[in-house]
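Report on one structure; see the data block that follows.
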Amino acid sequence: MPACSSIRFDHDRAERIGLPEAVFCAGKAPEHLATLFERFACAEEKPILFTRLEASVMQAQSAAVRAAYNYDPLSRTAWNRTRRTRPQGRVAIVSAGTADSAVAHEIARTLEYLGWPFQLFEDCGVAGLWRIQASIDEINRCDVVIVVAGLDAALASVVGGLTDKPLFAVPTSVGYGIAQAGMTALHSMLASCAPGIGVLNIDNGYGAACAASRILERLYPQHGN
Amino acid sequence: MPACSSIRFDHDRAERIGLPEAVFCAGKAPEHLATLFERFACAEEKPILFTRLEASVMQAQSAAVRAAYNYDPLSRTAWNRTRRTRPQGRVAIVSAGTADSAVAHEIARTLEYLGWPFQLFEDCGVAGLWRIQASIDEINRCDVVIVVAGLDAALASVVGGLTDKPLFAVPTSVGYGIAQAGMTALHSMLASCAPGIGVLNIDNGYGAACAASRILERLYPQHGN
Amino acid sequence: MPACSSIRFDHDRAERIGLPEAVFCAGKAPEHLATLFERFACAEEKPILFTRLEASVMQAQSAAVRAAYNYDPLSRTAWNRTRRTRPQGRVAIVSAGTADSAVAHEIARTLEYLGWPFQLFEDCGVAGLWRIQASIDEINRCDVVIVVAGLDAALASVVGGLTDKPLFAVPTSVGYGIAQAGMTALHSMLASCAPGIGVLNIDNGYGAACAASRILERLYPQHGN
Amino acid sequence: MPACSSIRFDHDRAERIGLPEAVFCAGKAPEHLATLFERFACAEEKPILFTRLEASVMQAQSAAVRAAYNYDPLSRTAWNRTRRTRPQGRVAIVSAGTADSAVAHEIARTLEYLGWPFQLFEDCGVAGLWRIQASIDEINRCDVVIVVAGLDAALASVVGGLTDKPLFAVPTSVGYGIAQAGMTALHSMLASCAPGIGVLNIDNGYGAACAASRILERLYPQHGN
Amino acid sequence: MPACSSIRFDHDRAERIGLPEAVFCAGKAPEHLATLFERFACAEEKPILFTRLEASVMQAQSAAVRAAYNYDPLSRTAWNRTRRTRPQGRVAIVSAGTADSAVAHEIARTLEYLGWPFQLFEDCGVAGLWRIQASIDEINRCDVVIVVAGLDAALASVVGGLTDKPLFAVPTSVGYGIAQAGMTALHSMLASCAPGIGVLNIDNGYGAACAASRILERLYPQHGN
Amino acid sequence: MPACSSIRFDHDRAERIGLPEAVFCAGKAPEHLATLFERFACAEEKPILFTRLEASVMQAQSAAVRAAYNYDPLSRTAWNRTRRTRPQGRVAIVSAGTADSAVAHEIARTLEYLGWPFQLFEDCGVAGLWRIQASIDEINRCDVVIVVAGLDAALASVVGGLTDKPLFAVPTSVGYGIAQAGMTALHSMLASCAPGIGVLNIDNGYGAACAASRILERLYPQHGN
Amino acid sequence: MPACSSIRFDHDRAERIGLPEAVFCAGKAPEHLATLFERFACAEEKPILFTRLEASVMQAQSAAVRAAYNYDPLSRTAWNRTRRTRPQGRVAIVSAGTADSAVAHEIARTLEYLGWPFQLFEDCGVAGLWRIQASIDEINRCDVVIVVAGLDAALASVVGGLTDKPLFAVPTSVGYGIAQAGMTALHSMLASCAPGIGVLNIDNGYGAACAASRILERLYPQHGN
Amino acid sequence: MPACSSIRFDHDRAERIGLPEAVFCAGKAPEHLATLFERFACAEEKPILFTRLEASVMQAQSAAVRAAYNYDPLSRTAWNRTRRTRPQGRVAIVSAGTADSAVAHEIARTLEYLGWPFQLFEDCGVAGLWRIQASIDEINRCDVVIVVAGLDAALASVVGGLTDKPLFAVPTSVGYGIAQAGMTALHSMLASCAPGIGVLNIDNGYGAACAASRILERLYPQHGN
């Protein structure tokens, strides 16, 4: 059998779509990931982001490799270095409950990697409506809003009726029974009566950050990444 | 072939579970319904409620039969007579939008048939949050609250966090695509983070009124129906 | 990255909706739970209920913390203290089989935490109809009835036709194959021909107890919780 | 293009599996059905049963053809002649409500066509438990029991716990919303806790009659059909 | 909290429906099962069958208890004693492949427990049609036929067209992807074009044996079980 | 029964979320729509958009009413007047095939109503890859890109890899069988490997235009709407 | 609003993938189809195939247009002219029942349009196994085999075990209830234990003919189409 | 209980359908597999392929057995010996990303076992369109093309529009949330607008190789296998 062809990186992706390389780690072979860690640990390499990276995998790497990466266990993300940080362009990340933290922080970490400022508004679930109302003015001072919620995801519609900003919604896989691992939250967000919400896959914090970045690049353009 | 056995009415149902006879008309043969209309048009019969009764079916009956019934085309309900009206026991019916009207009125009509007062709060969808907030104090003066909503059904969670009253939720089959004829609203209500909501089948306004009646009978008991 | 905002407790929830704080533990990080256990172990704190709390998590806490909580492994619930016990207001918990025990006891424990008396009627599955018939008179002496059943959940319809009390139904995730982790029981309860049943999410014993409590608070009101 | 090959009848089917030919009419072209009606109208042909045959299709045939068939609009069945009627072998057809009549009668008519006696027990839904209890002794005097029910199909489990006879269950497509055109009744019957129930496709009255006939042929064997 | 009510055995079940007690072990607490094993190990107890009983659970019992039971690891069944073996009444168990063995043997063991003879025909999958054809004559000498198959479950239709005997079909959860843990096999069997097949839940070998037993009790009646 | 409460318009919606009133007509009663047409036909009223408005409904209105509205049958939209047209802010609407035209034009018409320029790129399905490649440079000169596609919706991923602009995707209900009325296209778009795509409900052209407008309002702000 | 861009035909498709243009008519506007009929009626145009074309649409065209097309109502296909007929390359179309005729003939007509010979084997359903056995030798003399079946689609597995030829399977939307408009047949074919079957969308006869043509073009290559 | 009948191998399968024996290992008992390994390790046995064989199972065998097999951990396949290698007949295996490697290599290994040459084109996902474009000419020099992709599986449609070769598509179970373990990729491939793609079950690399082999046997026939 011929040797397995080596991975083909999409090198000009950052130029083409404004988003640098990222590696989704879940389901990838440990040896394959180890090779990537080694390669991108050297100082000359471009920035790269690893998502869905379990702490146990990172801990199995050599000290030199571990030292070369910034790893966060809650969001399960790592990078060798970030893109240049931008002075402008703030994203509001609004989540319903503590169970949504991992996804909210995947968004936060991806934005940090991409160079964009952000602000976290956690525990804003609508069963205690005063919480989102206490934060809405501050949320509306951001450029883009991302809502993170599981279960019935009612927060998306409520925020959608309170902000005129570009708005994305990320369903999370929290809950049990009819929550169906996030499917009910996903369907609920897509069926929202609040107009103009762009919905992402379940738990796809990375994608929501990219969607926000596509907008911020238009609002605050600059040369080179 | 032996003759088809005639319908067996559950005569002591009102005594057993406190709810008088009702006939769900959708899918029943016109001749079968006509026989029932004739029978219950006479003055000695007990009260009976017909639900999901299309106007065209009612219009096809004789003038005498039509005169014997109180028919409402929006809720598609008819009755020969109602149970005795109670002086106490108010139900709040809170709906999200005009598309939910048919179901909201099926609840209202069933309550009227059962003898209970009610109050309608329509167009309270959460995309304009001020609407539910303007009505919540009045809602909280009722004994039981029923939320009616389609699409993402976010209204159920919001009301669930604003009232301490017994609370039921009826999903409606409005919307298109991912609304899935009410399935998304149903799932959303069942997954609500607001505690203690009893959920009914899609468009089941009749059932929600019965659930409220079971509670009101405890709160305001009386002898005979 | 800014520090993760700390949890925002919904402090006035008990006043607003009559139900004190509860924490759903499944999926929450052990450190996060440990912090909560520490905090609510002190005598000045309000009552708090933990649900879906695995024995292994409780056993990993310090002796002082463990001593501060009343933990029940079957229902996987713990509390620091209960609300004041009420002298009146009895809930009938009717379950189909021994496999439904965990959910039936989550209801029982939540009611105990909320201060309401209850009575358990287990093994009442309809394949042996004499069992529910032997208990129905006693069930009908309670104020609210909660049916707990998995598989085809036929018990809900049978009880629905035998009681005039407010009635809730909790599907359980027992069974295999077409039982679909409780989805068939859920659908069956929602489609029940017995009128006026409020249905909860699969295995949601906590929610059913809250629904009963909303009614009991109306029947037996008192000042302060 | 070559001519469409003509229909290949499975002539020795009755000998092979003991069940004579039947034609499922729904979705078949009118001309195709007309050809079959003509052919089997002649006196020499074997018995044949037509199922799901709309009255409008039968009415569009010539008077001679119509006279050659026994057509029943409720069950939507027709035959040219029946198999020889057997003196023994009684089937109990137990249905939940009037909405299940069409399917109950498809079973009855198919049994009549196959030559087997039967007895109809309609309106036995479990929300009024006394109805099935009043009939169970008579049901238990039959050789085979077939339960017909829609919605939550709880009747199947209840009967399954009250009879020791061979038992089949046919879900019906009555109801709305979560009834899902019979899917909930089907799932409920398959998940029944009563042991030894053979389940058929939604609305498949014909199949249930055939299943019963396979048993009756063993109990009351005879030579020739 | 009041003590949990003890299990209510359905003692007269064997008399009522002709099938003695059985315990489905999956999901039951080890202590609960241990209590049952102890109780039914004594010589005076009636016969009892345990299904879905993992070998590890049985091995954890005392030597005395283990000695009191006949345990089979492939079918995961155990009994203290069987019902009296019948001289007549043979069931053909026809399975598609070796992956269906566990279910086929659950049927076999349940029949042995119930006292009925049986014959196993394994590896009869239709992709090698000669296999079922080589066995069909012998199959047709049995009184009842049970087909066990996963994946597309095509074997059910093929056998349904080759036998005139009462016929049941058990879908199995073998396969991957679109096999959907047996759901495709279940749907396929229910949609079979061969008439008169009673279908059981996925992997429900116990239920199929009970369905066969209901028939055999009619064919070969005797007094006492 | 109390009179049905009249519709509560969300008057300050345009100020709150930057999007003026719109009415979804499907499923609304003809009399209700007629009342709205009359009301908004007068010159003093604010701009209003009607979507999912069948030509037959519009034709049933009086000549005066019809003259007051701009109606387009392909997109099934009507308005009394549009918001002020903006000189800047171009949206690329990229669709896969002619079957997607109705949805593509609902986007176009909604943008025209909201005052934003747009450009249509139809018949860009990836089975003929040269079509999207011929248009990509022109597409990339727009500010926001909306992809409209049914079936496998592969166009979304391809465009997502070719543009750095904010990107939304609208699945359409074209196709048959496994296309499942747009569900497969919806799932495909949500699972896209191209990062940062915000997905809308099936056929929700109106929502996609609103999502684009939220961005354009940030890019080209102005006072008053 | 700018004019809607006209349809972009994929002119070099025949050269690129060896399959000439085809138009799927279902859901396309009558005016749009009329324009296409006019255009391709002229003698200089290339061959074009219309599928899912209702007879009523064709009858609404002018006599001149109707005369220019070869229309078949059973398969609902039309063409202006066919590709050059090939002397070699035979496709076996094997269908289960008469209800599958429309799809079987869509395959036949598409093959005729593409220039390939074919042979129809109808009514080969496995409930009468002798039918497929009587035809299998003749089937095996063809180059490619296409199985067409609905319901449980067991025919695909049986044929898959009897032929060594390239094999495709087309599920059909016949049946009711659990047949789920062809979904069960589709799943069953994908789960088939017979190896090497390529499955098409439900009712996609056109696609199956194209799949066969891709193979025949390799087996019997020639220059020009 | 009678002894379990031993496995019935389908010995003449290679002659009947041109594909030698294969064993799907997932879910089979270790002892059962061990017996097979022993048996086919002897030199006289025919070639046999094991698929879905975990490394841990192979490592548990004796050194002699392990030495007798060629095992590949990535594809989880093993064989005792391959069929005779053919000089002609090349298959292009085109995959979207590194996550699809296991399936791509199951295809490659099965082809090697069957004796057919192949060429791997990995990392051709459409989000970087240049990758498939760089390889398409080389792909088109092969006889059969197999596309392997997960998530939205857009690669199938793109390749379908760029090649005139026989084309199969294998969905993979990569991804999370709405990817639904490969179901979205499967649906997407079946709904592809590119004509003539035969689709296989999720992750069914073995089946795709068999489908290709059925074609190659026609293109490059030879006597004996």
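In this document, chain identifiers A, B, C, D, E, F, G and H correspond to the written order of the chains, with residue numbering beginning at 1 in each.
Heads up, the rule we're going with is that a contact is a pair of C-beta atoms (placed from the backbone, for glycine too) under 8 Å apart; a residue touches a chain by one contact, two chains touch by 3 or more.
As the structure is a prediction and not an experimental result, all values here were calculated from the model.
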> Of all chains present, which has the mean Cα position farthest from that of chain E?
Replying inline: F
> When the C-alpha atoms of chain A and chain B are each averaged to a single point, how far apart are the two points in Å?
Replying inline: 44
>> Measuring centre to centre with CA averages, how many angstrom lie between chain B and chain H?
In response: 57
>> Distance between chain B and chain F based on Cα centroids, please, to the nearest Å.
In response: 35
> Among the residues of chain B, which are close enough to touch at least two other chains?
Replying inline: 127-128, 160-162, 177-179, 183, 186, 190-191, 194-195, 201
>> Touching pairs of chains, all of them, please.
In response: A-B, A-C, A-F, A-H, B-C, B-D, B-F, C-D, C-E, D-E, D-G, E-G, E-H, F-G, F-H, G-H
> In the complex of these two chains, what residues of chain B are touching chain C?
Replying inline: 16-19, 22, 143, 160-168, 186, 190-191, 194-201, 206-215, 217-219
> chain C touches which residues of chain E in the complex?
Replying inline: 1-2, 4-5, 7-8, 10, 13, 24, 26-29, 32, 52, 171, 173, 181-183, 186, 201-204
> In the complex formed with chain F, which residues of chain H make contact?
Replying inline: 96-97, 125-129, 151-154, 156-158, 160-162, 175, 177-180, 183-185, 187-195
>> With touch defined as at the start, can you tell me which chain E residues reach chain H in the complex?
In response: 72, 74, 98-99, 101, 105, 108-109, 112, 119-124, 127-128, 131, 174, 176-179
